[in-house]
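The next part holds the structures, each set out as structure tokens.
Same chain, two partners: chain A is paired with chain B first, then with chain C.
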Partner chain A sequence: MSTNSVIATQPRSPQPSHSPSSQQSLPLPPQPMPPQPLPLPQPQPPQQQSLPLPAPAPLPPSPQQQSHLPSQQSLPLPAPALLPPLPQQSLQQVHPLPLPLPLPLPQHVGQPATAPGRAPSARAGLVARWLAWRWSGWTSPLLLLALWSAATSLGWAPEQILVSPLQVLHTTWELIESGELRQHLEISVLRLAGGFAIGAVAGIGFGLLLGLSPGLRAYTAPTFNVLRQLPSVALIPLFILLFGIGESFKIFIVVKATFFIVALAVHDAVAGLSERYIEVARVYGFTRWQIVRRVVLPGIVPATLTGVRIALSRSWMVLVGAELLAADSGLGQMMEMARQMFRLDIVMVGVVLTGGIGYALDRGLRWLEAHLMRWQRGDRENT
Partner chain B sequence: MFDSFVVKRRGALAVLALSLFSLTGAASVASAAPAAGLPDSVRIAAVARNATGGKALFAGSSALVASQGWLAAELGKLGVKLEWLPVTTNSVAVQVNEAFANKSIDFAQYGDLPSIIANASGLKTRLVVPGGSLNNTYLVVPFNSTARSINDLKGKKIALHRGRPWEYPFSRLLAANGLKSTDVRLLNLNPQAGAAALASGSADAFFTLSDAFLLEDKKIGRVIWASKTPPQDWKMRAELWGSADFLAKYPQLAQLVATAYVRAHQIASVDSGRDEYIQAEAAAGQPESVVRRELDGDTRAWKARWSPLLTAEVKAHYAAEALYAKQSGLIAKPLDTSTLYVPQFVDQALVQLKLQQYWAP
Partner chain C sequence: MKQNIFNGAKGLLLPLAALAVWEWASRQGSGAAYVFVPVEQLAQGVAELLRSGELWLHLRASLTRTLQGLLIGGLLGIAVGTLMAQSRVADRLIGPLFHSIRQVPLLGLVPLLGLWVGSGDAAKLLVIVIAAFYPTVLNTSEGMRRVDQSYREVGLMLTLTRGQTFRRLLLPAALPAIVTGVTHAQAFGWLACVGGELLFAAGPGIGSLLVNAEQGGRMDVVLISVLAIALLAQTMNFLFQRAAGLLVRGRSTL
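Moving on, here comes the complex of A and B:
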């Protein structure tokens, strides 16, 4: 900053007046320069104050200047030479350009730059301002809620089928008070956590092996690719026969839903790694394990996190589906039982909660993804 | 060349116009507009077993009504179509109640407990033609299980689809053996999942309908109890229910529907009707041996099993079942079952068919 300010003040020094003389006396590298004294804005000191300073920063000899400050008068200063013969107007045109260095611009400099920017946003009107508002993300949920309320209060559907939002809220409260909701939620979340942890760890491990070992790929890829095409929901009856309808069945269905998505994401990430990284690592004499640990693993983190996030929301859906079909507890079972009891209000509570929890899980992992990948963002900002 | 093209085109247009005309003409003849104030169609939901290949194969007395064709013809005279809505065995109760709620059906032949649940939650349906006592319920245990009776299943896992008509017989069975519903662990599973649970050993027993015999045939399960010998009141019931709105609005059409069902009951209730009924059920996807075993050994006589009369026994059954539904939390508020009956339709049908003395009350 201090150097900048030094540089910035430099053109204001009276040296431009000396430059012509120095030019004549010393042999300079050939410059595309008029032989006549530069038409620098010499006679307008008052205007100079109001004018922005035109990028004096890229002046290459600035350190030189600083070091030779005492002998400034005798030395040839190439600095003014680099400055194009800018008339006053062209200086004004330059100033809105992004300066390569954060110069402490005077207040009045910024004003002309922002003024033209503000005008279109004012013209864009209500919609743009609405979208710019920080709560505008609530637009569609609130519209949906309004539509739902309107549909129930106007009786578009029978009350037994379309329950009002207020009734759903009321039922939610009842379920919370009775402890029923907590019991169902707990077991569902436990199943999800268990199955997801197993599936994700196994998926990462298998995906890595598949990506790194051509031999394993040759043996297992066809089977893997066929199995991953099977929709988890379609496997529910088979899983019931294999594992019964106890906890293991639900955990395995979540494992299945998670494993293939994560394994595929990791495998693709490994396959997509640039061969050059590996080559460079080999040049450095990395062992195989070092290549995996220091090149492959860090390289696949972004794609793996995305795969894990997709797998989590998918396995949540599959779990609720499995609970709908065969379970004695859990959110899906609460909904299924309620449907049998013709209590569509409880079903709606389940629907809203399933969506809400799925959304929260996804947002949570997105946040984690952003948090873990912050080095990448920082990297980008620095470059 | 050009001329012939024009001629051809004109000819084609003429053919098109003619065919369009004849089509609309035929359509208007086929679907004569219903008489003033009548709906386009009467819609009845009924259990369909193997509705594969686009063909719905109905079960129970609805299959008889459909195959006899009397109702379709009578309604046709009034310009009203007869529409059957097939529902699958896995979730008859839910499908029918939801169809009643969104007014996509006018009648349904289905179970007692779902009807109680529907009415307790504010729907208004009425019992039009009592269905007799044709369905039995069974307690099945795994083939190699040592359990001999419900008492051996105390504390065990029993698969039962909640809210279905066989839940009440199950509750009677428990109560008769001094057990409470908390003495066993109920797994709420639809019949398919229940059978799978029994096969995989994750359920210690399964309470269901005649599909129990299929499990026995595959040596997966063993029937240890059937509702054939205990009091008739224990039996599940499936009958013809109608939307209260429809009954009030179109009593003339409702009477035709009721008469058609009573007529089908009478035809089936003669001795030779038994074999015809078995054939009809077999055609609807139930193996004949299963149908025979389902019907055999029942304490009530064949003719009496088809009785469409609204007896004191039927009313007592509903009153007790509604009480059970309330006590077990299936319904939130008590239901006065005396409002559910509209016996006038069956009475009128018996008069029309001259069957007043046919079934003893």
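Moving on, here comes the complex of A and C:
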């Protein structure tokens, strides 16, 4: 792009200089020329003097002299004082150029990456326009919705397999109206919030202690590492046996899912802190508590937040699983009941809701991460 | 880990204390013994499960299911990931659907799958396929997108066909990322296998053993199953990482 436009501008610099007035003043240019390190600009004026149509002449050498081009481009710079019409004209002529250029170029650049052999046909233009369209991301979801509606209205599939989108909307409204949805949603979110809060606080505390105290590490690390390996999903039946199928089991399974992920993230963050920070703090005579507060805690914030975010989405999945397996209320139980009654519409509402909640929680924590880490963005703006 | 050997005695203290408490709790009447199974009964349970071959039966069923699911999900994931990285049209079409479906927690999909494909082996396999699919697609497309433009230009210069470009150029360049994806897929796949077996109808499989034992109140079997699941998860993780290390040996990671 840049080389092309530079090449294109080059022949134009001689063209305006055809005006007799500029050629008459040519004896003067050698004075601004000497500071120019290039010998090239000097041969040009004689050519222009001798030939009225020298325009193509400068072109042939230009490919080899691309490196000199920038300085050639600077030729008009000393000239303006002598040739007022030149920059105006060259500007006018340069301006229209970039406009037609972008059109052929994307085809050149884009073709190898996507489709090597495709000719720039009307179809390709259509696809490119579609790709550039703001809402093109909605194409496939809308297509799917259309297909779904068509399939249900034309009766391609039995109702146990596929219910119409309208029916799902209707069911959603019914569930909202009756307050059933709100009740399930509330209890699920409450369980998640309770278990997650306990697990995250305990995890941060334990992870900090584990990272800071070698003594505690020696005693608890092996046990911690073994327990950490037990998958939360597989522990659901064990917790049911231990705590019964009441609320405590669901809270505990969320606590378990959260605690180990957060504790490990915090421990790793503490272990990964640069020794230098702590040394500097010691030099300044910080007490142990001050080191923790001023050095360690701010230093582990990013890794902790990442760990917390992963823990949150993991524990949401585990909670839904636990509710599916054994619960009397909650989103998971709503879906499980609906499945047993072949109410596909309710199941779909549940699936969309669990997905939406998971997404919202993840987004929220990401936002929090970005918000809390905005002081760091100053240094890393370019990375 | 190695410096822990020195502290091994300290590390053993907590588990031993827990064991002592457990043993003490199991002697506090029959109600407690129902939950806190005496240690000797645990050992008997293990011996019984091993002798009857029941544990192996269930484990083998789960393992083959996981590997099948991994194979299908992984191959599908690599294919879709490549497509998304190579074609902007495919990316724009598949991307929104993929990323929105991905938001649903895997176990949350179970009731829907149960209605669509029943609750038999097919459903259990499908859960693993989906679990393996997500990370493979993400890592494959990410890895392929990061393939250096100069590689592609070399491929163009050598006038490689699409198949050759994929096989000779993109696949090797994106291999580390793909391998990472498959390693994640394996971890998720095993969990999904257990979760699916817990939630779908009974059949051979370690998850079914687990849930049956829970319903029958057999704490010993539950504990053994949980330990077996955790142990296998570790083993598979180790093996996959070893294999991954061999595959991408000498390559710079992306």
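As a convention for this text, the second predicted complex is superposed on the first by the 218 of 383 C-alpha atoms of A that agree within 3 Å, B and C clash if a C-alpha of one lies under 4 Å from a C-alpha of the other, contacts with A are read in each partner's own complex, and residues count from 1 in each chain.
As a working rule, contacts are C-beta pairs under 8 Å (C-beta built on N, C-alpha and C of every residue); 3 or more make two chains touch, one makes a residue touch a chain.
Being a predicted model, the structure only gives us computed values, none of them experimental.
Chemist: Looking at A:Pro237 after the superposition, I want to know if it touches chain B, chain C, both of them or none. Which is it: first, second, both, neither?
Modeler: Once the two structures are laid over each other on A, A:Pro237 reaches both partners.
Chemist: Would you check which partner chain A:Pro222 touches, where first means chain B only, second means chain C only, and both and neither mean what they say?
Modeler: Second partner only, chain C.
Chemist: Could you let me know whether more residues of chain A are touched by chain B or by chain C?
Modeler: C
Chemist: Quick check for you: in the superposed arrangement, does A:Glu159 touch first (chain B), second (chain C), both or neither?
Modeler: Touch partner of A:Glu159: chain B, not chain C.
Chemist: For A:Leu325, using the defined touch cut-off, is the partner it touches chain B, chain C, both, or neither? Pick first, second, both or neither.
Modeler: So A:Leu325 meets both chain B and chain C here.
Chemist: Go through the superposed model and pick first if A:Met341 touches only chain B, second if only chain C, both, or neither.
Modeler: A:Met341: touches chain B, not chain C.
Chemist: In the superposed arrangement, does A:Gly285 touch chain B (first), chain C (second), both or neither?
Modeler: neither
Chemist: Which partner does A:Gly246 contact after superposing on A: first (chain B), second (chain C), both, neither?
Modeler: First partner only.
Chemist: Of the two partner chains, chain B (first) and chain C (second), which one does A:Gly125 touch, if any: first, second, both, or neither?
Modeler: In the superposition, A:Gly125 contacts neither chain B nor chain C.
Chemist: Could you say whether A:Gly179 touches chain B, chain C, both of them, or neither, answering first, second, both or neither?
Modeler: In the superposition, A:Gly179 touches no partner, neither chain B nor chain C.
Chemist: State which residues of chain A lie in both footprints, the one left by chain B and the one left by chain C.
Modeler: Overlap of chain B and chain C footprints on chain A: residues 160-161, 237, 240-242, 325, 336, 339, 342.
Chemist: Help me check something: in the complex, which residues belonging to chain C touch chain A?
Modeler: Going by the criterion above, the answer is residues 4, 7-8, 10-15, 18, 35, 86-89, 92-97, 100-101, 103-112, 114-116, 152-153, 156, 162, 190-191, 194-195, 198-199, 207, 210-211, 213-214, 217, 219, 222-223, 225-227, 229-230, 233-234.
Chemist: Report the residues of chain A in contact with chain B in the complex, numbered from low to high.
Modeler: Within the complex, chain A contacts chain B at residues 157-161, 237, 240-246, 249, 325-326, 328, 333, 336-337, 339-343.
Chemist: State the interface residues of chain A toward chain C in the complex, per the touch definition above.
Modeler: 112-114, 116, 127, 130-131, 136-141, 144, 160-161, 218-223, 226, 229-231, 233-238, 240-242, 313, 316-318, 320-321, 324-325, 331-332, 335-336, 338-339, 342, 344, 347-348, 350-352, 354-356, 358-359, 362
Chemist: Can you tell me which positions in chain B touch chain A when the two form their complex?
Modeler: 93-94, 97-98, 101-103, 114, 117-118, 121-123, 161-164, 185-190, 192-193, 196-197, 199-203, 330-332
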